[in-house]
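Letters A, B, C, D and E name the chains as they come in the text, with residue numbers starting at 1 for each one.
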Amino acid sequence: MASVTLADLTKEYGDLTAVDGLDLDVDDGELLCLLGPSGCGKSTTLRMLGGLETPTDGDVYIGDDRVTDEPPYERDTSMVFQSWALFPHKSVIENVAFGLKMDGVGEAARRERARDVLDVVEMGEFADADPEDLSGGQKQRVALARSLAIEPDVLLLDEPLSNLDKRLREQMQLELRNIHDEVETTFVHVTHDQNEAFTLADSIAIMNDGDVEQVGEPREVYDDPVSLFVEEFLGDTNLVDARVESEIDGGVVAATEFDESIEVPTAGGDVAAGDPLTISFRPEELDVSRAAADGGQSAAVASEDVTTSLEGTITDVLYRGSSVRFYVEIGETSVFFEQSVGDQSDFEVGEPVVVSWDPADLLVFSAGERVGRGGS
Amino acid sequence: MASVTLADLTKEYGDLTAVDGLDLDVDDGELLCLLGPSGCGKSTTLRMLGGLETPTDGDVYIGDDRVTDEPPYERDTSMVFQSWALFPHKSVIENVAFGLKMDGVGEAARRERARDVLDVVEMGEFADADPEDLSGGQKQRVALARSLAIEPDVLLLDEPLSNLDKRLREQMQLELRNIHDEVETTFVHVTHDQNEAFTLADSIAIMNDGDVEQVGEPREVYDDPVSLFVEEFLGDTNLVDARVESEIDGGVVAATEFDESIEVPTAGGDVAAGDPLTISFRPEELDVSRAAADGGQSAAVASEDVTTSLEGTITDVLYRGSSVRFYVEIGETSVFFEQSVGDQSDFEVGEPVVVSWDPADLLVFSAGERVGRGGS
Amino acid sequence: TGMLGDSGGPQTLRVTVWSGNYVERFEEAIRPIFESRFDAELELVSGWNSLLAKIKSAPADDPPFDVTVACEPIYYNGRSQDLFEELRYEDHIPNIDNVIQHYKDIRPYSHGAPVDGAPLSILYNTDLEEPVETWSDFTSFVVQQSNGVGVDSGFWIYPLLAAGVGTDAAPGAQELYEEQHHDALMDTIEAWPIEGWASSGTDVWQQFQNGIVDAAQWYFDQVYYDMEDHPNVEFAMPEQNAGWMNNWAVVRGTDKRQLGEEFINMLLDPEVQSKWAEDHPLFFTTSGMSYPDDLAQYLPTTAEEAEQWSIPQWEEVAPYSEQFSNKFKQMKNQ
Amino acid sequence: MMGALADESMFAWFGERIKRRDSTSVFLLAPLAAFELVFFVVPFLILVRMSFNAQPETGFYETGWTLAAYGDILASDLYQQMILFSFKLGVIATVVAVALALFYAYAAYRADGLTKSILLFSIILPLLTTLVVKTYAWRPLLAPNGVLNDLLLSAGLIGSRIQFAPSLFGTVVGQVYIVFPYAVLAIYSVLSTLDWDVVEAARDLGASRPRSFAEVVLPEVLPGVAVATVVSFAWSVGAYAAPSQLGTGSQTTFAMEIGNLMLTNFNWPVGAAFALLMLAAMLASSLAVIRLLTGSIGGVQDV
Amino acid sequence: MSEAVSRERVEDVLFRAGYWLVLAVLMLPIVVVFVTSFQQSSYLTFPPSGFTLEWYATFLGSEEWLSAVRDSVLIGVGSSLLATVLGVTGSLAVQRSDSWASRVLPPIVLLPLLIPPVVLGLTLLIYFNRIGLTNSYVNIVVAHALWATPLVFFIMQSVFARFDWNLRDAGMDLGARPGRVFYHVTLPNVRSGVVISTVVAFIVSLQEFIMALFLKSFEVQTVPVLAWTSLQSSLTPMVSVVSAFLVLASIVGVLLSAAVMNLEWLAEQL
């Protein structure tokens, strides 16, 4: 177990800069999730960490040692590959014992150790199986065992769960968490699935275009995204375009696609009248109720040209098993919110509703950057 | 556009029966999702429909025509492959125009039509690109356009979205829905992702082991599963083992893993004392509140040895972005429920809680079959 | 045998001879005699026509073999390129005196002693209405109407010699060496209904068997023993004939020059040649040797008989060789 | 001083290489590169040098610098005829061999079980038979009174015997027979990686089987076809055994003539120049074929 | 409807008939070779008039032919090993590198295949003599390797293109140095490709006779060289016998090595 530091790490493939001056610290024993869209450089970063790729620039430190030029077989890291990369011509236990064999551990000792690790991942009974005969989840556990067997200081996981179906994936996530608690190794886990990151991580690093946008605890990052990219990436939300009309105390009044102006918090932010904004209305922060029969409520709240609630019409109801997603048309745009099927307020298509929110819950972005961070 | 009928369809590969006497009707213009675990025979069924596989037994009708022995190029069906199967040496537009070329449509006409279809899937600007250079989602849309271009009566989709990340997948689901509404073709869509099925389907057919277990509208199937398999497959739920103790009016009293006996509805079901049951407590149907300080509440409700609420302890809190999942230990087992982060009742690990439910919401299964169907 | 550095043991004489049955019969006849007469080992390699290239490309003082057989144009080229040592007849090859003068006159024998050779022969299908017995018969009506004629495709000189013998413009095959007769010579050979271009004895037999030719030119030594296998083919030896002859040479730069010369001397021993003739139907150049009885009727035993034969004299034909070669190729290619 | 510095930086460069990971690839490349350099590039330069020597009246060459050898070749009708024939044979044999190989490799790819094994093994068997002999074995089959004629006659398909060999036909048959197995192997190795889904997609979109083969399979296996074409072409243009055993005198390829030039006429400069001219022509046509079939020269590497 | 179905039938029949026909034609010369190896007369005729095993006896008693078989095998093994090592390592190096060397090398490797063997043979003869490398085994092995290497190289290119490079990375990541990674991880996965290319290399060497003709010496001559030179006089069934013998020996060899590999596989299972 060791800390990891990446300093100004850069990797270029010809003209393409896959990783671009990336800085990142991972603490001893931490489980860090590297989260980002496809092609943003996650795998490349991980491979440089493991020594499978040589950085064009910058350095990699494991503990206090600079290992930038060390070959992979000299580093105390171990990688669990996205495709598992189990050796097809070796049995499960031979796969797991491989690293120990390379370390010169004797036959008997390494088989015993391999058996122990297999037990940890609950694959003891498959020791002599052929990897080809295992299901995806089992393969994944063998790959994990193979890496764990050499007791690396840092365990690198490159989307090891992405090939599994939802059920198996969730089960494996829990197992990974438990194993991490047990072995006390530093984990760097790459994924592009935000749910997975939330389930697993001590801390999350969100990558975009070869660089880290934000690092922090899952909740922190979710609650306080630094940029529109992070906000968009972390979950489903309603983004509404707006334009600053005037400044008020602790915020601004902005004209929105709703065709109504609303008050938004931009405390400390540097926006001026006329600036374009993007406002995130998270579905879980929206309160929706049936519109009063006379339809006057909206007007009542909308005194002084600003409002914290709007009237709209349900345009779509998407039944999603345990939850229902409703789309509400308001002005020129539409927002969605979700309800558990257990809730009783079943809205119907065409029904007028009132959508309201607490301005403090809105997240505001200008030119992709968060405005007035510290809100929420 | 045409209806599809599969009658007693069977496909054997040597000893293995991949599809086993399957009957299924798909209406004109319907979007049917074929849902089931890996290896249950979904692809095989679809391939027999498309003529890519010859049934061992049974028949395929499209509209009123028996097409069982027709080669694929004579059928008015078109398949979107799981792997997309784009022609790698042809440009995007050549891919899309391929079917028309095979139909003898002239160069100019087919390019125009291909362009139109590409516009429908919003890929017009990539017309001259090489398929290899596209991202997964774009490839998928080209594959779809290629099939749409020949205006098939029936469009077959074999897990076309399984390779996409969550965000892209959801986006494509909506697009598929819209396209379906637009083109009015019969769609048969294979997936193993229940969310996808719920989002897309007019009706869902759930397959298991080469046969259809249940067909119906999504809501119908979710609310009223015929078997434990369907219940388990459709979503996350809490399954609790129980054993019938005695019969009461409209149900039975059963001893559960909770270490408490509860009353369960089995109206019309045929169970006797001593029968093993499996009870599904859907997380969205559970009501959870902080236990009263004196802890007496549970005992109070539990008069007469049956109960609709139990006391337990929070053992795990999983933060999942917009929602939080709580695990509650009750007796020998544990159940989970979820809350949106917007809700205020933040439970903590170790906290005692009371979990209660409406017995009418419970689903009861005996030997895998639903007991007292029609409840809920 | 003959590994580098074991110079302590008996010497090894490396000799190149023709491939096919020539090497087999040489081996049978000569090896025992050589081994009984010399304290040395004999190593035979059957060279294809690459032997001059091998000498040429080897270092001047380390040739790939010590003695080689050579006929025209190999002998001529080897000699003019200094690839052969001059033979010291006085000191080491007294048997040169046994050689019939005619053979010594055909080519300069300074670098190679004339030892053996073979006449051409005519093969023909016995089903033909008339036998084909002279070279001029190739232009006869019977042959013209047959499946065709087969000739050697590799060495143009032999078909041309045969044609020369069959052309009456000049005695023997003098047509080759005198430019004014070249047209007549070419007219003759172009009149041959050549259907088979053979590059080996095998080819010729196959062509008969496969119905491609009904008459052919080939070499006596290669067909004589095979006749019995081909009941429908007869052979003829015209009195006016042509043939090939070997001059044996010592390769330049060899450290076994003397042994090589002694070896050649041995080949000129009438006794050896008589023995050799029992195994191989060749003609030999010494007057003292004798053929097994059935052979004597075909092969020249006297100088007079020998003079009836035209044997290539490359020196004379060299100026025209390119021209002939091209004409010949053109014939093949038409 | 400068030299020492340069040395040092060379050293540093090497050190860097060795430390960085491409060191392995440098080490791996070294044996092949060294082998090709020592045993091919240098001898090749000797050949090039040879072609500029002068040709004396008799034998081999005279050291010098002249383009005479090239001039001789280009001026000669006869050589032009041979070059033409070489290319003719090359093209015919290649087209026939590659077309058949494509069909056969596809059959092997589609077949399974015993049939597949038989088809594949039938490719190996001719490869194991000594070339000289298997070519010769066509003669009793194709000759005027050979087996094929017997069959055709008794079937009444022909009125009189036809000389299938020696002839151009026989030469082509023999040459195709020599290169066919290699062509099949080259194509099959690519075909075996073909994604069958793509073919099914084509059929599903209305392409009949022959059509789907032409539209989808063929373009996919072009890299294999390119290798098969280049190998077949190179070996057929420079054919030796087939034309000399199954051809008449007029089936003379340039390779046979070079053999003649070098071994019988001892005309090395002309032989060398001839070889180089043909090499250039073949290289150009091979690259053109590869470019045509795979879109780029690098395509061969993807095979 | 039935029109399409019956067209598919016709296509099926034609397709099958097509490849069985090609197969039959492929086998014709082989049949000739096998049949003539048993024939009675001493020159090659087909169909032969009588059968005998005499030629096999002659073959087994002929030192010349036996030593040619030995030389062929030695040279075949030598050149296929050399070509395999060079081709496999070279192809491995070129795979994942974009240095100029790895771009220049493939065409150079291909070039010898385009040069007529007469020319290559003579040039090599001159060259070997100049550098004083006159061991015929070595010479012929090198010459054949020049032809076999490109084939190995290009076959391995396609094999490596399908190899999962993550396995190599995984091996290194688990502490194996490049050599050990190759031995423990890469090689077992590309074994069939290596075997195929080695066999092809061996076959090329077994067939080549023109370069071998130039480079042969007193001690060394291969089967096809001997076959070619004996063709010069008369073709006895001996040539067929040797071919048939080689084919049979190769088949036995293939079966044996398959068995050995299976044993290995079995051993792996235990």
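Just so it is clear, a contact is a pair of C-beta atoms (placed from the backbone, for glycine too) under 8 Å apart; a residue touches a chain by one contact, two chains touch by 3 or more.
None of these values were measured; they are calculated from a predicted model.
J.: Going chain by chain, each one touching the next, work out the least steps from chain B to chain C.
T.: Step count on the best path from chain B to chain C: 2.
J.: B-E versus A-E: which interface comes out with more C-beta contact pairs?
T.: A-E
J.: Which whole number of Å gives the spacing of the CA centres of chain A and chain D?
T.: 55
J.: List the centre-to-centre spacing of chain C and chain D in whole Å, with centres computed as mean CA coordinates.
T.: Distance between chain centres, rounded to whole Å: 37 Å.
J.: In whole angstrom, what separates the CA-based centres of chain A and chain B?
T.: Between these chains, centre-to-centre, one finds 25 Å.
J.: Two or more other chains in contact with one residue: find those residues in chain C.
T.: Answer for chain C, listing residues that touch two or more other chains: 48, 50, 53, 199, 206, 209.
J.: Where in chain A do residues touch at least two different other chains?
T.: Expected reply: 71.
J.: Which positions in chain D are in touch with at least two other chains?
T.: Those would be 140, 146, 208, 262-263.
J.: Enumerate the contact residues on chain B facing chain A in the complex.
T.: 37-38, 135-136, 165-167, 170, 192-195, 198-199, 218-219, 222, 234-236, 282-285, 318-323, 338, 340-342
J.: Which bits of chain E are touching chain D when the two form their complex?
T.: 7-8, 11, 15, 18-19, 22-23, 26-30, 32-33, 36, 44-47, 85-87, 89-90, 92-94, 96-97, 99, 101-102, 105-106, 108-119, 122-124, 126-127, 130, 142, 145-146, 149, 151, 153-155, 157-158, 161-162, 178, 199-200, 203, 206-210, 223-224, 227-228, 231, 235, 239-240, 242-243, 246-247, 250-251, 254
J.: So in the complex, which bits of chain C are touching chain E?
T.: 1-2, 14, 19-22, 43-46, 48, 50, 53-54, 57-59, 64-65, 199-202, 205-206, 209, 222, 226, 229-230
J.: What residues on chain D touch chain B, complex-wise?
T.: Going by the criterion above, the answer is residues 195, 197-198, 200-208, 211, 215-216, 219-220, 222.
J.: Please output the residues of chain E touching chain B within their complex, sorted ascending.
T.: 1, 4-5, 8
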